[in-house]
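Before anything else, here is the set of structures, which you'll find just below.
Two complexes are shown next, each including chain A; its partner changes from chain B in the first to chain C in the second.
Now for the complex of A and B:
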């Protein structure tokens, strides 16, 4: 089977072969088992699929380039678990992975899954690397087995606010009034509360905070209220379908604020949205995870993903980088031993360069990578460009939007 | 806060347009209830299936949803007929509580079938007229929604004619009123049940084709419409065709206005207040007195 095109079935065959095949005489070191946990069924399955893809690409790349050198060229063998979009599913899969003897677990995607799964792993001193889950609780429980390479909620929102101010100041402060639109669950309501507290301190006036349910049947009322209020900025915190509905309705109702500025939005950094509704998506900004556009590896990985007719989402580079982080720790530990890997992970520094995120020198404090940060993206001409921070950016921000 | 009159006018118009499609979804539900005296829990899942059918028609065969509406209605009529004749009817063994469970089971099967085939991605289609609007005074009315409104009215008239002017309609009404009597005068009750179920499912297919240009489809999308359809059926009167359409329009406007004033989360309260009020004050609904 060709490495890149391995599907679910191929993977199962591969792992079955890995288990049963007799060791190749001589050189071949025993494979190192790595647990990959993603929700590939249920409500989060879209994200889970793209997370798994990133992990697969990283493992294939490591194996194709001679395996883990410090371990005598040992291959990495993926032990995949479906978290079924809920914490219980995540825990059950960690237990299975423990029984399979994995050296570490990568993934989880949603914060509730990451929280439960990393806790389950901690009972076995099993290293757990969070791929996406942004809840700040994940790294504040004192678990020595849990690491997060990407940024948490606090850092993301802080950066989002700072960049918004910088963006507005650079353009001569055209925006002052804001309407916040949010889904009424934990994520959207929490974000709306934080924005309501922080925006006035930075000179913005929050005219209205509009909550909507998920799923929403209709966004016309939200659009009407926005039209009546005429805010300079609209800040939405919604999941994919609702944001797509909102932006299309705004387009239809000819509502053109000076900017649509999202924070951790489900659609604004999603190429499906950009491809399917280029007009509605155009010039939407988001503060979110994103791969470093300057690294050649990013473009290479993106081509590999798009060659499979998949979209380029942040889940893929985050999981790719998290698997590379484990591989780096294994190389430095020199053996597939959990305690040694934990020690090596905690000692990761700027010499870890095989990741493709736009972070500075890696440094873990209580499991959190201090260099992890989000970036600001903007949809420009059918592509998703990085506009902040300036030293990573591959495009100039278009703000305020005119016309 | 106060809104300028043109915003309120637009909210009312939007409510009417959205409500019409709600009415169409409710139409199928109320018809099945009025005749078979069962609550069809598979209604939402069937709507989802119909939306996927319209999605596939567009993406795989390039057929516009509005063009696909009639063939899909025929297809879903056949599907509904078959499901009632071959699955629900035989499985019920004449007991209503069995039917409840059978339709519930059907909904779970359909939903998971859709999940297996299409995965949980949210899918939508882009048609060239999706963003077209008609300027009605200060209001901008969405073209797909206007078409949805018109088509719903047409379907309503067609159903009304079918029920009052044709032999099949007479037979349906006879079975609804007096099943045993209808059987005694030679009406094939099992056939009429299946025809009714088929018509209800066909309404869903048309609703699906009308929704898709401005909405999206995911394996659980039908549920979002079914809850509101139940309210409409209660408001309009169980089993009443006119009631479903008028009820749909009323609920659409209520949802729109309460959404405007209370926000979309709290706005849902308006719908359920009506639901409770109708049950308390007029349990037969607006047009259900004779039933």
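Now for the complex of A and C:
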């Protein structure tokens, strides 16, 4: 916001500075407009605000460090659109951004918004960079304008299973029996089906699969069933509120499996859960998006976010990195031209290092970054730590949980 | 009905039809298309709620059925978009008939009928969210192939013409209903069900015909939505948002009038867009204006905007 709030006084100061400064170069290069699409009203507004924050931080950083060098120091100007938590809102904002002449659009957050908005952008060959939306349909439609820097659902679930096996093997195979708890919509049911098919192949025994509705008001029956079965592992696939309820109920009933291992969970990688229910959250593991803790920039960004009294959620680093990706493509394209930017985006490689995600060398195939991957996090002592893969970890896994 | 009666409808159609020729901005065209889709859904609600006095809170059930049928028949069964769209309208009408039969046969009226329709829409939403054929929570995606043969158009202006044609048809149908025997019976049922029955009106048959027409029209709006945005999930198709949109527009614009729903949709969405472009930096400001308009309309009889204006003009 602060960049847009420059009022008359700011303008006068700037022009005064311009007059007094010696002539360094020719005229300032025109600003490059970048569309930032996030749902900041409606059900997804919290996620949208954190996404916008990430994009803002990236744009401010680029502008503060001299703008886009290949474009004569051009500043990036944010054109923000509120997708209001539904696909129509996303499409309407893309049309506005198109009218404003943006060079690319970043964001969307939810898969339905990403699907509709990227399709609207494809009419104008307008580059669209998905920030979060994990649906595998997003990059399987043959749209040449759509790119996703982060991983999709298929990669996340595959990695989650592989990492679970690696984690268990490293600890001397303490876990063998599993109870799956899932919400009964497609997300949870699909995940449960996949786990039921894949876990036995990897040497785990699924003792029971327990479904619950969303929203659920009470988890006592689920918790009692888990207590009776005494599994080594509990794998929940639920949204925020239901998982918080389950973990608190398990804590109250003193049910302590050797591990709680989540996949794309709404709560386990959320600092709100960690701050509000530190005891219930402690040592919960998740396989999800997360920033690379080893990069100094991550810590710097996290400090900046927490200085604003806000939580450190994955939306912020993902959007920060997506904006950096566009900036990198602009630098290589050398001009704010959509076709050139599309070409440059598709040709992104390992030399793109201004992102803060724990990914290897960037390589796009059909718009999907092949290096995009989730990591395993664990809540340890009131903080969310990366425990896996080892290359990116900033803490040792606490597994099996004892006591 | 004389050609003279059709004049206002034709004038409206002509004005909107000129938009793609005069306006190049896709922002405006996109807004008009969406408003037309809402107006069509609202016109459907108006037949049952406005003329028949049966306030449904669950028109999402019909909107969603039309939308899902249009999408599923294309994606899963390889059907062409046009017959799929027609099938969507037909099945939506059948769903309306079924819900109407269950609700009206038991004599449910007023808030009870509203609650039952709401419940049906919710049941459909939950089923669509869990079933395989709808794509469940991951939703269903219609492949983008911009070709008139696929009911997809490269230009938003073309789609506006198609949507406008359907809205115009709906307006004519409403006018015809208003002047028909069924329309008179429907109004009689609205005003006093017992009296209508005493005069020999078959109340159940009248209501059933009305709900089938109403559901078909709202189902057509759902099919249009599917073809325009090419993506559906349970919360879009069967979500409460569309039930609310479908009833707000006629209530604001004038329930039980031919132009009420269209007027309401244009006013509500136009106002929202105007607010957004004036005070765009405050998220949700347009929803505040939306709410204020609704409060004003409901607070001051005759409870719709044209009525308010008429009242002001009177000395």
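Throughout what follows, the second predicted complex is superposed on the first by the 377 of 403 C-alpha atoms of A that agree within 3 Å, B and C clash if a C-alpha of one lies under 4 Å from a C-alpha of the other, contacts with A are read in each partner's own complex, and residues count from 1 in each chain.
In the analysis below, a residue touches a chain if its C-beta (ideal position, glycine included) is under 8 Å from a C-beta of that chain, and two chains touch if they have at least 3 such contacts.
Being a predicted model, the structure only gives us computed values, none of them experimental.
Undergrad: Does chain B (first) or chain C (second) touch A:82, or do both, or does neither?
TA: A:82 sits against chain C, while chain B stays out of touch.
Undergrad: In the superposed arrangement, which partner chain does A:184 touch: chain B (first), chain C (second), both, or neither?
TA: The answer is both, since A:184 touches chain B and chain C.
Undergrad: Of the partners chain B and chain C, which touch A:298 in the superposed model: first, second, both, neither?
TA: After superposing on A, A:298 lies clear of both chain B and chain C.
Undergrad: For A:115, using the defined touch cut-off, is the partner it touches chain B, chain C, both, or neither? Pick first, second, both or neither.
TA: second
Undergrad: Going by the contact rule set out at the top, does A:373 touch chain B (first), chain C (second), both, or neither?
TA: neither
Undergrad: So in the superposed three-chain picture, is A:45 touching just chain B, just chain C, both, or none of them (first/second/both/neither)?
TA: both
Undergrad: Given the touch rule stated above, what does A:137 touch, chain B (first), chain C (second), both, or neither?
TA: In the superposition, A:137 contacts chain C only.
Undergrad: For A:245, select first, second, both or neither according to whether it touches chain B, chain C, the two together, or no partner.
TA: So A:245 only meets chain B here.
Undergrad: Same chain A residues contacting chain B and chain C, which ones?
TA: In the superposed arrangement, which is not itself an observed complex, chain A uses residues 41, 45, 184 for both chain B and chain C.
Undergrad: Chain A touches which residues of chain C in the complex?
TA: Per the touch definition, chain C meets chain A at residues 25-27, 30-31, 34, 129-130, 135-139, 141, 143-144, 154, 229-231, 233, 236, 241, 281, 283-284, 287.
Undergrad: If you look only at chain B, which of its residues touch chain A in the complex?
TA: Interface residues on the chain B side: 3-4, 7, 10-11, 14, 18, 115, 119-122, 124, 126, 130-131, 133, 140, 142, 214-216, 218, 220-221, 224-225, 228, 255-256, 259-260, 263-268.
Undergrad: For chain A, which residues count as touching chain B in their complex?
TA: 41-46, 49, 184, 210-213, 215-222, 224-225, 227-228, 240-241, 244-245, 248, 251-254, 272, 276-277, 279
Undergrad: Would you pull the chain A residues touching chain C in the complex into a rising list?
TA: Against chain C, chain A makes touches at 1, 4, 40-41, 45, 82, 86-88, 91-92, 95-96, 98-99, 111-112, 115-116, 119, 122-123, 135, 137, 141, 143, 184-187, 189-190.
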